[in-house]
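Take this structure, written in structure tokens, and hold onto it; I'll ask about it next.
Just so it is clear, A, B, C, D, E and F label the chains in written order, and each chain counts residues from 1 on its own.
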Amino acid sequence: MTITPAVAKFAAGSARIELGDTHVFCTASLGEGVPGWLRGSGRGWLTAEYSMLPGATPTRGAREAVRGRQSGRTMEIQRLIGRSLRSVVDLGIIGERTIAVDCDVLQADGGTRTASITGAYVAVYQVALKIKDLLGLNELPLFDSVAAASAGVVDGEARLDLDYEEDSAAEVDLNAVVTGDGRLVEVQSTAEGEPFSRAALDGLLDLVVAGAVALGAVQAAACAELERA
Amino acid sequence: MTITPAVAKFAAGSARIELGDTHVFCTASLGEGVPGWLRGSGRGWLTAEYSMLPGATPTRGAREAVRGRQSGRTMEIQRLIGRSLRSVVDLGIIGERTIAVDCDVLQADGGTRTASITGAYVAVYQVALKIKDLLGLNELPLFDSVAAASAGVVDGEARLDLDYEEDSAAEVDLNAVVTGDGRLVEVQSTAEGEPFSRAALDGLLDLVVAGAVALGAVQAAACAELERA
Amino acid sequence: MTITPAVAKFAAGSARIELGDTHVFCTASLGEGVPGWLRGSGRGWLTAEYSMLPGATPTRGAREAVRGRQSGRTMEIQRLIGRSLRSVVDLGIIGERTIAVDCDVLQADGGTRTASITGAYVAVYQVALKIKDLLGLNELPLFDSVAAASAGVVDGEARLDLDYEEDSAAEVDLNAVVTGDGRLVEVQSTAEGEPFSRAALDGLLDLVVAGAVALGAVQAAACAELERA
Amino acid sequence: MTITPAVAKFAAGSARIELGDTHVFCTASLGEGVPGWLRGSGRGWLTAEYSMLPGATPTRGAREAVRGRQSGRTMEIQRLIGRSLRSVVDLGIIGERTIAVDCDVLQADGGTRTASITGAYVAVYQVALKIKDLLGLNELPLFDSVAAASAGVVDGEARLDLDYEEDSAAEVDLNAVVTGDGRLVEVQSTAEGEPFSRAALDGLLDLVVAGAVALGAVQAAACAELERA
Amino acid sequence: MTITPAVAKFAAGSARIELGDTHVFCTASLGEGVPGWLRGSGRGWLTAEYSMLPGATPTRGAREAVRGRQSGRTMEIQRLIGRSLRSVVDLGIIGERTIAVDCDVLQADGGTRTASITGAYVAVYQVALKIKDLLGLNELPLFDSVAAASAGVVDGEARLDLDYEEDSAAEVDLNAVVTGDGRLVEVQSTAEGEPFSRAALDGLLDLVVAGAVALGAVQAAACAELERA
Amino acid sequence: MTITPAVAKFAAGSARIELGDTHVFCTASLGEGVPGWLRGSGRGWLTAEYSMLPGATPTRGAREAVRGRQSGRTMEIQRLIGRSLRSVVDLGIIGERTIAVDCDVLQADGGTRTASITGAYVAVYQVALKIKDLLGLNELPLFDSVAAASAGVVDGEARLDLDYEEDSAAEVDLNAVVTGDGRLVEVQSTAEGEPFSRAALDGLLDLVVAGAVALGAVQAAACAELERA
């Protein structure tokens, strides 16, 4: 697993994450203004959009801009990315500004939503550095780091970070979004076939939390690189 | 909490669920044919659509048919309803037919997605009775019942079935879809503000599973009424 | 025929009308503001939206929010509902507020557009009571009541309130919107097959006006119930 | 009032109608095939579409293709045009073919829907001549001619064919579609302000039927010109 | 080739151009206000929209308002029309007003985009006369005239103004937009089959520039007629 | 300028082109089947889609999938990419298959449409190698290579490959698509302000053809790398 920060020249923040054969290109832009319901509140906002490039998979996927609407799956994923990142950004301190995160999957082999969250955190970190300078803050406007991982039960055995083939065969699937201090932001678990037991859920969750903590180290290295730049 | 079965004359199955001040009108229609990827497989399918009527809330919501697109929230919910019900329907035995579930919220006071799943199960049960007759099956094409409940942490305390006001104040929110035998179909937990601990998750899950089991008794009574009719 | 007023807890006004096997759930919401062309005029507005729930008919209808557009039939009906109700609401006295009427057909067996108008009047009446209180008016901001009925010629004979089967066989079809004092707001008559004579039109119109007057009594009872509440 | 037939070189039928300052360009195309629900029936179909060119009015109207949807008014009008023309075309004899009528308003000064019907009949007549040849029919596949006219009450007086200014001031408005033998295909009457009496309706209807009959003579002349060509 | 100016009573400017069997109805409307990015600049704007009426061709084309989106071809053409006309209008002098040009093809036999530009110039000229009066300018707010022509290589030979049949057989196709003083505003050349040589391009360009200059005389006559009116 | 071939694991062909600060990610997918109008012809087809990622520019661009429609600019560019590549692919020999090209701009600093064409050719080359193997052809199904370049006049001086800043200041802009043997596939030249002379056009065209020939060498190196792999 590698995260390369600052891969885009014009976006305020960016990172490319490669997790197995899943590659996601993440950018974070900083704009003036907030959605209507926040105007006048003095608070900022963070939104996220997600897309899978048509050529990311062996069978070409239809381009959503051509079909004229985003799929339910896309909307579900981008809402998850947004909630996850908002949980660690101090939106109260950045003023009426919006951080717009974009996660575009260049290559997909399972786990694109969790890779997007993990990579996008680094892009947001780069924006946070710029906001700190811009506003003369003492600290970064971040409460903690956040990473996401997934696991599934394949052939009766819990495994971390399933690739596409394993994922298709999984009996249960669990995604969790975890902060740097090991607390949970979001847990989603789905039976792909048979319903699952509470014990299976607990086992997967142990695995995913450990996995997310491991990702935190890679994020930290990428963020350190941004600090040095 | 009440579930009134067979509330619609023309739909193959239907039920109205009232859970506190949340009222959902659920129908299930049976149609010939399946989506493209299942054609020729001999298997059936179940889809679900969800909508909140504009007058369901104190402030009128925009009608999605007028805006020309369903929101991300709507898509997320209807995908969840579909997955939940598919987990208990024996799609392999019903032939190339599609059960189309519709959950329209007449009145909303929190928990509309879990109420939809719980009520829609009864509508699907009514369709299952008709399929059994139609195909001369020995048993209903159902593996088990399924119900959903939600809970949240408000003021540090875990509570079942939050109403809108409590929900807005909740720190953590957990929805679970649970089969009649107590196994899990789906778990979704979200930090509304602060990230939460594993212990908080475990506590909420205990509460929700117990809640869903209690709902099962109400469902069973409604289904028994359908059997007698 | 029954009209149950105040069936929705959160909408400002509501009513459920059952006319044979046609059931319509009507709500009326009161919002601040008016469309652009009325801003600054001091006048209010009333809009209406109509929808048939997918499970309302034996063969499930496609959900318009999923198709991404309302059908021509839907638009035609909701425009008619809006015009009909605007003819009796004193929009000059309610200030720059908009009454948004929603008619959602739970069950359809012919005559949904006329039932919608008749039921929605009661929902609007409930809103009118609230506006009277809100603005301290001496009278309700209503000029009169309004109801609608339909009739058709089946097997050469004029009949009121056709059900779906009769409607499909009708040679001519007439809808009229009639005020409490028996005047006309809208008349629409269509030859379903052969063109019809002026005499046929006159006969149908006599029937429909009488029918609408009869509906007025049921509306009055429902409104009286609202007054008492 | 003038109707110029055969104004388009490539469309199977066409006519330009000028009624006061309202000018409509009507074409009728003949295509193989029918909508799904008629396939295999051996019967034909007729559809109609309507549009107002943006420059047809003093204040430019938005182009519906740019907004991405047709307005309710447009849909209502094109449905009326289609029903009106279908009432006189012998769809049972033309085989599984579709006549597609297009009415595009070049200049609008009131009465565009009735002018569209009246002009489009001549375009359809030209197509009917071609179908007669194509299929070797003994007669044209038309039962009768059809024309439409409108009238309104302005300053308490009933007048035929209101222009835009009169129309805006009208108290009642009535459109009728009338066959050559004086029978009715469609009657639509709307109170623009005050509800109207049965007597007012009767008066307007007399006027409009007489007006439509007069239009029939102009149509006949245009059709005779097509016969000679 | 003929251009008839002032063919629409209500639009500020208009012209009908007939170039062979291609007929385009052009209007130009003058409105207050400009797009967002020009607000406060004191400058005006010109936009253009293009459409082919469904009956303009032997096989009926789908109406874009019904499909809910403009095709790529339509967008490309209307962008070209807009750029071409903006090159000769003095937008700095007309204040924050927008000239909206509409080109609707009544009949299509090749060359509709170039005919649209040539005809629309005359409609814009009529608007320019009105602006001159409105603002009390000494001169028309036009830098020059502009016309467009096209040519193609058919059977190895360069020909001006191909009709639809020739156009379908053309090996190369070139459109150019040329000002009255013979300078170029836009050149677009496309190989329909084999790539083409620089010499072929040069030959076509010579032909088209000469053709456009010839069109200028017809435009001038139409504009003179407007001056006299 | 660099072109890296085979940058995507799952797409049949791919390349990443970096031209100054413009970076485009190009993939080419091979699918069975062709559009309707080619079915049964035995011929193949090539389509292209283009998109600019939101974070590609200093000010974030709106995502077209969210707005629900592609812009006119996007459609124009993707139509150009498609035509350009079809001019060199032997569609008659590949059977009823479709090559779907996707150009997604990761970073934009001017010249994205020409860079897309130049890079996409290499992705198509990789697909052509696979088709050759798949069908056992003796040669690649390509007639020639194709590349595109652009130039503009800035401060009176013609320059190749303008970056965004220069492009914004350009007086004239010319894009040309050129085959390996120096012939032209497409020429587009636009006056950004003042109309331009024929001499200016000739000068820009000389520059661009030379530029495109130079790009051919870089393409050839990337293709040779694909041959060796």
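The rule is simple: a contact is a pair of C-beta atoms (placed from the backbone, for glycine too) under 8 Å apart; a residue touches a chain by one contact, two chains touch by 3 or more.
Worth saying up front: this structure is predicted, and the values here are computed from it rather than measured.
Looking at subunit C and subunit F, not one chain touches each of them. The fewest steps needed to get from subunit B to subunit F, moving only between touching chains, is 2.
For the pair subunit C and subunit E, chains touching both partners: D. The distance from the centre of subunit B to the centre of subunit E, each centre being the mean of the chain's C-alpha atoms, comes to 57 Å. Each chain gets one centre point, the mean of its Cα atoms, and the points for subunit D and subunit F are 49 Å apart.
Per-chain Cα centroids separate subunit D from subunit E by 32 Å. Counting partner chains per residue, subunit A has residues 68-70 touching two or more of them. By the touch rule above, subunit E contacts subunit F in their complex via residues 69-73, 75-76, 78-79, 83, 87, 144, 179, 181, 183-191, 194-198, 201, 205, 209.
Note for the complex: subunit B touches subunit C at residues 8-11, 14, 21, 25, 27-29, 31, 49, 51, 53-60, 63-66, 68-70, 74, 100, 102, 104, 106-109.
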